[in-house]
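There are two complexes below, and they share chain A, which is joined by chain B in the first and by chain C in the second.
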Partner chain A sequence: MTLPETTQLAGRRRARANGWAGNALRFLVIIVTTYLGLLAVTFFIGRVIPIDPVLAILGDRAPAHVVERTRELLGFNKPLYQQFYIYVRDALTGNFGTSVLTTNPVMTDIRRVFPATLELATFGTIIGSLIGVPLGVLAAVKRGSIADQIVRVIGLVGYSVPIFWLALLSLLLFYARLKWVAFPGRIDIVYEYSFTPVTGLYLIDSAWQGQWDVFRDVFRHIILPASLLGYFSLAYISRMTRSFMLNELAQEYIVAARAKGLSESRIIWAHALRNAAVPLVTVIALSYAGLLEGSVLTETVFAWPGLGLYITNSLQNADMNAVLGGTIVIGSVFIAINILSDLLYRTLDPRTRAR
Partner chain B sequence: MSEISQSPPMSRREWLMSDRPQSRLQARLGRAYMTWRRFSANRLAVAGLGIILLLILVAIFADVLAAHSPVIGNLAGARLLPPGSEGYLLGTDDQGRDILSRLLYGSRLTLLVIVLVAIIAAPIGLLVGAVSGYAGGWVDAVLMRITDIFLAFPKLVLALAFVAAMGPGIQNAIIAIAITSWPPYARIARAETLTVRNSDYIAAVRLMGASPFRIVLRHVMPMCVSSLIVRVTLDMAGIILTAAGLGFLGLGAQPPLPEWGAMIAAGRRFILDQWWVATMPGIAILVVSLGFNLLGDGLRDALDPRESGQ
Partner chain C sequence: MMHSLNKHVRMLTAGAALSLLLVAGAPAFAETPADTLVEGWAIDDIITMDPGEAFELSTAEVTANTYSYLVRLDLNDTSKVVGDLAESWTVSDDGLTYTFKLKPGLKFASGNPVTAEDVAYSFERVVKLDKSPAFILTQFGLTGENITEKAKAVDEGTFVFTVDKAYAPSFVLNCLTATVGSVVDKKLVLEHVKAVTPSDEYKYDNDFGNEWLKTGYAGSGAFKMREWRANEVVVMERNDNYYGEKAPLARVIYRHMKESSGQRLALEAGDIDVARNLEPGDFDAVSKNADLATTNAPKGTVYYFSLNQKNQNLAKPEVAEAFKYLVDYDAIGSTLIKGIGEVHQTFLPKGVLGELDENPYKLDVAKAKELLAKAGLADGFSVTMDVRNTQPITGVAESIQQTLAQANIKMEIIPGDGKQTLTKYRARTHDIYIGQWGQDYFDPNSNAETFTVNPDNSDEGKVKTLAWRNTWDVPKEWTDESKAALLEKDAAKRAEMYKDLQKKVLANSPFVIIFQQTEVAGYRGNLKGFKLGPSFDTNYVFNVSKE
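Our next item is the complex of A and B:
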């Protein structure tokens, strides 16, 4: 559950930037090889490691001809490279096989559960950024003060705490004792049938339809898991904000701004933060990707019907198609966010534009 | 040489701080002393070191410290006792087992996981990075592409998939975590290698006829170790959390092993009425991973003053 450190990765790629076409080509190579690598690893996990996938499906008492027939049906009699080719072809068209547990195609299941995870991770990132950035700025400006120390400890605890444990304790406090929040799942059973989601993002759907009682209920469900994920990303965001801000505050243009007589708050928020914001966008994007992953454990505790819970449920039932399909989807989103944040960085920072 | 013997006897501190060391040993000890001075000036880092030393001691002396068996409980008379009960400082779980004893024994599992992951992942990363950086060219391109691919993966989810395929258990959890945690080490080792590969001493070794194999193994890799140690220490907290997460999902250590994450999962059923069963192991995880984070921060500041310059 660590956050990715692809900022340095981005830096290395940036250093070699030459020309628009070269960039585009390089990106294409990166996307293709990374995605192929992801598929190769999941293929390896699914096809090579288990003793025999056919036996896993049929059990060890199936007659020999049935085993042979199944093997042919699933394409396991073909050489490994052909199997991999078929696997890649299927994965590119979104065909991850059928879930043993739900008997649906895995992609159908994922499409159903993914909005729940998306809504949770997005809300979490918003909370984490809205609190984490000001905290980081505060720590940088009051460097060495008590406030700086407190922010540091908040961040360190966020790095060190097992998120599922914090989730359990917060449920105990805010749900069982104080009764401030709702649990379990995304929405109360009362609204389960009267409310028809469109996008699958319940907060947006209910607000759009003007069902404010549903909105309130959804909010009461999402606020606790989203806050926990928000805390997790806050630890990372506040730490990075502090370091970026310290970097900017030591620059000469800050001295120049002070000499011009600008107010301190204007220097901090309008000048320094504006420049720190460029790398910060990358950090927030990466922490968003981290939350998609962090949601696996959080969703399990909150019975949140998202991709994380889907993966862990499938794990418990040895439903490998679903597990690997979920892994590929999360991995793809990860890769996409990595590349998007890299592109965003180039667009926002004029210095990295290769001209 | 005669000058040295005539100079007045130095205090041990002066001997260590000398900027003209007379022997390799003195130079090394002197450097270690400076590092220690920088490190120990940071009180939080020393606290982190203390926590880790305590963890190691507890793991070694678990059978002496623990008053009860970590596996066999007193089902008849001691189920779900609250903390502070007679003889059970942190209370008991649903099988009448002393939670404190289980935590003490569990420290062995925690230590086992982090040590094994470090022994497996760090050398792989070191080797990949050093070879990649020293060889350059297409070897570098291919190895780094593979590293980048692994870096782009979600670690926990990938570890989950590995364990799902190989079957739950602590060995498989360790292997899965190690497989997903070597790429950052490779990147660091490569960066360090690039800074030393064109230095004079490497050229001298090469001139003496050392094979590339020997150069990488004996002269490049040792240079990468200190930044690697910092990084591994900082990663320990993440490794502990991942292992605990796997244990919580039932994919790590299996019952009745007193793994802290699995203990939280077991206590989850009673969280509303017997809060301590799930709470205590979580505190243990938090304290230990906090210790590693503090220690790692301190080590980074002490070993690499440039990084912490701000």
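Our next item is the complex of A and C:
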């Protein structure tokens, strides 16, 4: 009688181990194919854009012989397949080369610009989800009511108004008129040389070092662009929350819960939202990843030295080393967020861990 | 249900209100420090700070404020030069040897003395590195092999420079006012040179400190360059070892801001002292604000469009002339470039030796039609124009499109990024290109050469001037005249030769020059002495102070 039990247990263990191995393998395949795809795509985009990269490096006024010499130096005169080979080989060894625009190693540049974007995107996503999810729930619960309509309009405006325009208007209002927020950049120049960032996330650094005046200044700089990004993710998050919630509220278990006499708030927040949370995590994660790519327009208007601006600038100048490095970082972020949301599924949805 | 939701909404509202309080509670702080000048400026063109390599407009300004040269442009009369590190200079009778005496007791920012040895080294590294701006020096017959002979220190305070032809002294001296003539601190640079394996392309065993100087500094100007972070900031600090009058301000910060309206808002709020990239609308608003002031200066940059002579229709001289009558100069001048440019139809910008202030062309559709009929194109034709996506270029191109249509010329605008249109232009595959041309150095030859010299018009031509890019076979006499002007010792005669060339190009060439750029800036009313110079490397900030 005991024997079958132990074999059953062992079998379950093996299944779990297989599950983990399978998962790890799946992640590995995802990572490898994503990276290879990224490499190929960035390489070929870099070669088909009708911009002479040497021109980008030297500017319009360089004499012809300097142009020729640079072209040879950078290997642009070699056949395409050789260039691709060199490109992949360097990328595999973690050598992203030097950015021709900033003259720094690409990794150094990214280490400088990525925290700026990370801080902004994280803050933006927190704002977006903290407001977007309750708004979506409200709209679903009061479906068809004025509240629902208002949430719908808020979402619609978020979708359709160009962020560039909204950014300028909000600057005009909150910065120029009301003087509530600070601008431009991440930190006031007064602190530029008294404050040494460690992680590059200024809010965390300044709080860690106990420099509360710096913290407040940084907060005043970040709040407006973060709110704008938050608003845009809010528009998406609230719409999705609404539809997930409507879906859940129509389920039989809700009827059962009501029949049991549970309070409405418990039904909505503890039962329906708990179940809607699983797909919602994907939505929020995707919107977060989107913000992490860097919002070029927001970064331009707010003079925010982030990743989006860096990559766009590099692409326009055919600075392929920088574009490759940036793309790999973004690719990695997407993969990491995918894995994270996958793991979050497991905690949120008991069915995905039942084995 | 209603009850519980309201509770949540209440909590949410309370939270939102709290965070607003946190923001609003902070005091409105908007003033730059009293000893610091903060400029909002698009500095994304900077790719290096090495004066031997840099050739970008933003870098030119930083270099001009942080390095010293032998001679500088005289801001009171830009057709002359004044001594910077040089106290005096003489030109030998044969016009080949220039002897410079340095001022006594000069020091670099590092504290090292400035000697003729440093000057010679600076010339040597420019010629041997042979980067983009090197031709400004190598055009005097300098090569990696002869440079140590041609540019050398005779003693600590005497530098001798030998050129290969008896050029007009004004030409030689003007070229030395370019940022490529910056004198670097030899001792300091030598501490940072990197070993290089010599190759066919690069024959020297070290990089002359190029890698270090990309972000480093080794000069003796009124300011020291403390830091450059690409697309973010340039920080300059007062150089207390400067030989001249010390700058009143301790620090100058250029903060990268790309956007005109953002610059305007920050200027109005006092977060920056100077806004450098104001578009006409914002500039207008700033000029009406009592707390702010504006300034402007014509720059050595002309905006033009040019007709590729590979195109059969555009190659006809009557067509080229007709195009000059099909631009509404008045409308463009009074709207599109109002405040940021002035109508100007000759290739030498105002302020340069030999400038010619003649704008004979006006919009005249009837005259243009007559010319087109003479060319057998009375019914017009179709043509394309490569236009970069930036104002005022786009606006001007659209205006031209409209006026051309009046003479039945159907012009299609091909929009593109700047680097993209330029790539096409340099490959000579455009029909019409619209763009700007800035002087490489403050001398008439810079523009005269590009507009009137084209020794080999084949696709393999090595001298890729603007004339070459438009496949224009410049009449040989014009090229000869342009080269002769270089050797004319009498400045007045030299100026006459350039005027003559401009008249010829104005009457008969595939170039339609429309206007000269005016640089504008808005600044806080408490700034004293803020001025823009006649060129990008004369925008000095060492006279600026705050009240």
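Miscellaneous remarks
As a working rule, the second predicted complex is superposed on the first by the 252 of 355 C-alpha atoms of A that agree within 3 Å, B and C clash if a C-alpha of one lies under 4 Å from a C-alpha of the other, contacts with A are read in each partner's own complex, and residues count from 1 in each chain.
As a convention for this text, a contact is a pair of C-beta atoms (placed from the backbone, for glycine too) under 8 Å apart; a residue touches a chain by one contact, two chains touch by 3 or more.
Keep in mind that what you see is a predicted model, and the values were worked out from it rather than measured.
In the superposition on chain A, A:T300 makes contact with both chain B and chain C. In the superposed model, A:L171 makes contact with both chain B and chain C.
In the overlay built on the shared chain, the residue A:N104 is in contact with chain C alone; chain B does not reach it.
After overlaying the two complexes on the shared chain, residue contacts for A:Q316 are found with chain B and with chain C alike.
Residue contacts after overlaying the shared chain place A:W180 against chain C, while chain B stays out of touching range. By the touch criterion defined above, A:K260 lies against neither chain B nor chain C after alignment on the C-alpha atoms of chain A. Common to the chain B and chain C interfaces on chain A are residues 49-50, 168, 171-172, 176, 300-301, 316, 318. Residues 145-146, 148-158, 160-162, 164-166, 184, 187, 235, 237-238, 241-242, 244-245, 248-251, 261, 264, 268, 271-272, 275, 278-279, 281-282, 285-286, 289-290, 292-294, 297, 310 of chain B are the ones that touch chain A when the two sit in their complex.
For chain A in complex with chain B, the touching residues are 1-2, 4-6, 8-9, 30, 33-34, 37-38, 41-42, 45-46, 49-50, 156-157, 159-166, 168-169, 171-172, 176, 243, 246-247, 250, 289, 292-294, 296-297, 300-301, 311-312, 315-316, 318, 320, 323-324, 326-327, 330-331, 334-335, 338.
Those residues of chain C that touch chain A in the complex are listed here as 1, 3-5, 7-9, 12, 16, 22-24, 26, 28-30, 32-33, 36, 38, 40, 44, 47-48, 55-56, 130-135, 201, 214-215, 229-233, 235, 253, 255-259, 261-262, 265-266, 268-269, 271-272, 416-417, 419-420, 422-424, 426, 440, 462-464. Residues 49-52, 55-66, 69, 72-73, 100-104, 109, 112, 131, 134, 138, 141-142, 168, 171-172, 175-176, 178-185, 188-190, 192, 216-217, 219-220, 223, 263-265, 268-269, 300-303, 305, 309-310, 313, 316-318 of chain A touch chain C in their complex.
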